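Chain naming follows the written order as A, B and C, and within any one chain the residues start at number 1.
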Amino acid sequence: MIMKNWKVSQDELLLNGHVACQGCGGALAMRLALKALGKNTVITIPACCWTIISGDVLYHALKVPVFHTAFETAAITASGLKAGLRMKGKEDTTVMAWAGDGGTFDIGIQALSGAAERNEDIIYAVYDNEAYMNTGIQRSSATPWGAWTTTTPVRHPEDKPKKNIMEIMAAHGIPYAATATPAYPEDLIRKFKKAKEIKGMRFIHILAPCPPGWKIPSDISIKVARLAVQTGVFPLYEIENGKKYTINYLPPEKPPVVEYLKVQGRFKHLKEEDVELIQKMVDENLNNLLRKHELTHGTLENIPKPEFYK
Amino acid sequence: MEIKAKEVVIKSEKDLPEAPISQGFSLVKKTGTWRNVRPVMATRSAPCQNACPLRVEIPAFIDLLTKAQPEKAAFEILKQNPFPSITGRLCPAKCEIGCNRNKYDEKVSIKELERFLGDLVLEKKELKVQKKQDKKVAILGASTAGMAAAYRLLLDGIDVTVFSQTGVSFEDIRGKIESKIVDTEEKLLKDAGLKIVKETNKDIDTLSKEFDGVFVATDIYPDLVKIKDPKIGSTDYKNVFAGGDTKDISKNIKTGLTGANSIISILKGEEPQPEPRLPRVVSYKEIVVNYFNHIPAIKEIRTVEEAIKEGDRCFSCGYCNSCGNCYIFCPDAAINWVNDQPEFIYDYCKGCGICVTECPRSALEMIPEK
Amino acid sequence: MSFKKVLTGNHAVSYGAMLSKVEVISAYPITPQTQVVELLSELVADGYLNAIFVTVESEHSAMSACIGASAAGARAFTATSAQGLALMHEMLHWAAGARLPIVMANINRAMAPPWSIWTEQNDSLSQRDTGWMQIYVESNQEVLDNIILSYKIAEQVYLPVMVVLDAFVLSHTSEPVEIYDQEKVDEFLPPYNPQYKIEPGNPIGYGALAAPDTYFEFRYKIQRAMENALDLFEKEGKLFGEIFGREYGLVEEYMMDDADYILVTTSTITSTAKVAIKKLRERGEKVGILKLRVVRPFPFEKLRHVLSGRKKVGVIDRNISFGHHGIFYQEIKSALYPMENRPPVFGYITGLGGRDVKVEDIIDIYEDLKKRETVEDIIWKGVKL
């Protein structure tokens, strides 16, 4: 069996017939995450697109069990599941909360903070499509500055920058927090594998493009996620114990952020000065991150400039 | 619970469990019905192959090479080009001029790869003769073109006599290349039954009657016949074909092969056909360059490892080389990986098109559903 | 060997949970429930109880943690009160809908604003349609016994139970309580081994979207389970009596045999009423008490049976459904409605916000009931008008 670019398990724990939209980044993220986590995993899903994707009350779409829970309870339901499984002698089972950005950045942040502070032994993965997509593209605190949503119309687009959830999680001092995107599958799989081996609270922030919500053709959702990384809009990095920052990828040449914005309908209304402002915000964020990497490692030289894109 | 596509029938509350627990699997939902376009393997050609007179399927042999099968790769070349050790040294390498990688960093050293692989099997290759036929063909002129024609005819079990002005084979390139190479090629042909006869004055009228077919190497005999249709190498004589007077050794080989093919056709009583055009060529802008990195070419290849390293630089334009991008990026897990290739599960493929967009080499395409 | 210990109602809850061998406890502090979880955390930390205590950041999370644990097949327990219970509301529906036999203690406390920490039943009665069974208890012994009994019933019908006790009057009042021999409790309450659970290797979706073609049936099943629980309360309550010497039913009848007038009570008002009734009996009044214990499922048949042939029924509510009447009053009226010769029912509202209900108040209520000619839906007792 030869697959030149990817050394991944060909076990599929995501079943055919799930009902995600065409080109769903969140569906792909789950498929890849489960390749890393394997069968000894149970998942809890709060209200989000994945409530629908994982199947209806009759037909299940994953080869691992899913307990559906209320919008704001992903982190704590996972903690409860973990406690229950521990009492039943299943200490080694990975318990994952799998929530959208609304369920994480907004309504679920209290339970998430509680679980993080208690260092619950769970993986919390947020597939962030930057708005309430399941209810029809309303803004969340994960919606980036300038974006159109149905509650931030083009005449009054989103005027607050995206909430920095990674810094919030880092401030809890949890053992592991990482960003990932399905456009970089091996990085994503590596991070889930790494998370699986760590005890305590693990947080993985996945940028998951949403073709209907971002107003992009379904076939470019990977391309857009890749551009998010390459332009520095969504850097790939890890934070260990809230202190140790490691950037996992720096593109050899950083394209301007407009490359990322211009392919998405949700940014179509932006003027040149808006794009400049976004570029400034992105640069500032990335520079902050670079400084933290340097503080951790004493150098920027060890940031991989990948042999090729993957 | 066994994971299969089984419909759950609810006729009364007794068919449901007490708690809201799933009873079956999503496999029953044929999400392929959402689709109005479907991904398929595309029929495209690489610019290198298109530029090569011999139409050597360059991405195919490089693919085999990079899958660590160098000998198979060499035999892949031999399907189109009987003398890679010769072309690998003497051909003008139009393939490299056409190479899409020129627009990225620098061309892949295709000619050098061909030479390396040609040399790798120079002494190992066999000319596997088909069933002997009771047909004899004369080749006038023992140049590379003539030898190529001889090679092709011998393969079909035809009795071949080459009339050489100098009495040696590869008359046109002797002295331009290590004699060991041409000697080895000659031995291969002779072992397959080739006769080389020294003859300077041969009358085409007589020959065309004495033999079932004749090929005239026009680099040796420029004025003997006039070529009517270069696509098949035809002349005024029905069973005489000609070619070989270009400065491009590959083109010469090609004319030899074309002439031989035309002779084989008429021996079967068929009309000689020109070679079909190649499918649409993949342009540079269709290559997803994100999947590649700037790596300098290896210009002189000495080891298999170096060959593979250089082969890895190939974009493999239009040719699936088992990179696996389509598989890894499918949000619907609707691609099986079978024999190192994608196999689309059309029952569930929703037609999002990610596989096609992320194919770095344009080896896939979307076609409308009927 | 069983032994007696002087315990507050809250500590009786903790010992009840300990004897029930709960496996996961999750709770958030709220007056007047705090002692429940304080003692439980000690029992866990000291190794008397092999359980995991999840110290969450809200009641909503406390219930969610119990839901997760119960879904994984563990016996889960929590305790709360008033605002905390209200915050749990969404997850109460979740626990019942997912058919998870969680048991919780709710210490009845009045809802804010204005702030109050004293007893009233509006907090638990606001949750009566969530699919939880509800038991209102009168003494600390009844508290402990009913925690154990609740698990026994809950785990057979896959529905959660709320054991409800009065703030301070019970929660912070000490009484001698018998703590049973663990082996005997184990005999009565076997380990929890559910039919459905989240465990690795069992690929199920639990609680996913149900279209209108299936949702209805799941709701029908909850109602059927509630109905089955009515029989179980009597059966298991009797068995409990055989093993531990204290029998429990859906209701408790006190001096009702020949009574013409019945006062319907719940929780600790019952104890006060019992003293009052003794005094009234000494005067020759034919009055008895019907203590409502199990409120969900509602014991319609039982009520019709025990109230038939009585002259008058007075229902004492420490709660009110604003814009309607006392809640138990409504429910008892609706239970009696199909009877041909139903007694007239009078509604008394008293003791809201923890206002003391004294023996004299009960005597006043009885006298009012006896002399009143026409039915009144709301008769305010003890309010400064």
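Keep this in mind: a residue touches a chain if its C-beta (ideal position, glycine included) is under 8 Å from a C-beta of that chain, and two chains touch if they have at least 3 such contacts.
From a predicted model like this one, the values you see are computed outputs, not experimental measurements.
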| item | value |
| --- | --- |
| Pair exhibiting more inter-chain C-beta contacts, A-C or B-C | A-C |
| Identity of the chain that, by mean CA position, is farthest from chain B | C |
| Inter-chain centre distance, chain A versus chain C - centres from mean C-alpha coordinates, in Å | 44 |
| Whole-Å gap between the CA centroids of chain B and chain C | 82 |
| Contacts with two or more other chains, residues of chain A listed in rising order | 55-61, 63 |
| Multi-partner residues of chain C (each touching 2 or more other chains) | 202-208, 210, 214, 218 |
| Per-residue overlap in chain B, given as positions that touch at least 2 other chains | 3, 10, 20, 22, 25 |
| Sites on chain B touched by chain A in the complex | 3, 5, 8, 10, 20, 22-31, 34, 66-67, 290-293, 321-325, 327-334, 337, 340, 345, 347-348, 350-354, 356-358, 366 |
| Residues on chain A engaged by chain B in the complex (per definition of touch) | 1-6, 8, 10, 12, 14-20, 22-25, 27-28, 31-32, 55-61, 63, 182, 185, 211, 217-223, 226, 230, 252, 306-310 |
| Residue ranges of chain A in contact with chain C within the complex | 39-42, 44, 51-52, 54-70, 72-73, 76-88, 90, 93, 110-111, 113-114, 117-118 |
| Chain C-facing residues of chain B, complex | 1, 3, 10, 13, 16-22, 25 |
| Interfacial residue positions of chain C with respect to chain B in the complex | 97-99, 158, 195-196, 202-208, 210, 213-214, 217-218, 220-221, 225 |
